[in-house]
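Take this structure first; my questions come after.
Going by the order they are written in, the chains are A, B and C; count residues from 1 in each one.
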């Protein structure tokens, strides 16, 4: 079995504002472009921003992201008496929500694609 | 120091319903069977299911899991006005709780066992 | 490209009580001492304690940690009717908050430092 560690690469994703954005395609495209030939392995995704979170979801339909967005306002209300508000009333809520979701994931790659939950084919037999 | 990357393997865990299940023994047994000879290293555990979470806890006694189960109903109440409810009123709560707990962990393995918090022996001196 | 896996090492951090503590400098110092010559790679940090969490934050000023501390009391109130209270009314809250934040992170290391979100220089071009 041959093992190789690939170079890290930056992926810049611009968004219009607070919300839940699907980035699976962008990541898979970037993996294909930046790391050609990766058939199987572990991909580590790390967000270099303190007010963004990263999570995996089946995304059954667009209401899921809408429900996440509404519920996070309930879970971390912006009218909580926070001290920090340099960047507005969503400054601390963004920090806290980022910490609750987390900012990094290590994901299985199998046959050039992310081996996420809803992919039913088995994991390739080797890394 | 010799380094080896082992093949990924699937572990299927069936559960009777919503709850907190101890899987440490199952994982350690699977590591021993599927990856014999692993003395020390990093084990990456990744759940391929969008409504399950993975966490580490000392499990001081069975009330801990009962308390987790009751508190998660408080934290993410199923009577919140979610849009998504194809699979019942715990559809979105399951998605959100999965995202809050996370779906993956990278765990130290030392002398064939998971080097979790309550194991007092030191980490083996090499990987 | 040369790949090396370094030995794991223990880092003991003592704290006076519940709170948010900055450990970036301690980790970077430990990396420099225990793993000299690491220019780029992935550092896996794993907490071996069931009532501690680990997160990344910009720490814009000290009020951020104060806000986290106050908000976590709101999010996981100690007067919730938990069963477990062997170690006081913060026993289960500590368990739950640890699970919500998580106990481990895999962090990019670049030129001997952690490549966190607010470091603006690009990631070194090789691992």
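The definition used in the following text is that a residue touches a chain if its C-beta (ideal position, glycine included) is under 8 Å from a C-beta of that chain, and two chains touch if they have at least 3 such contacts.
Worth saying up front: this structure is predicted, and the values here are computed from it rather than measured.
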{"item": "Magnitude of the superposing rotation for chain B and chain C (Cα, nearest 5°)", "value": "120"}
{"item": "Same-site or different-site touching of chain A by its copy chain C, using the half cut", "value": "different"}
{"item": "Whole-Å gap separating chain A and chain C, where each centre is the average of the chain's CA atoms", "value": "19"}
{"item": "Residues within chain B bordering two or more other chains", "value": "3, 75, 100, 102, 106"}
{"item": "Contact footprint of chain B on chain A as seen in their complex", "value": "1, 3, 40, 42, 55-58, 60-61, 63-64, 66-68, 70-71, 74-75, 100-102, 105-108, 115-119, 122-127"}
{"item": "Chain B-touching residues of chain C, taken from the complex the two chains share", "value": "3-10, 44, 46-50, 75-76, 80-84, 86, 92, 95-96, 98-100, 102-104, 106"}
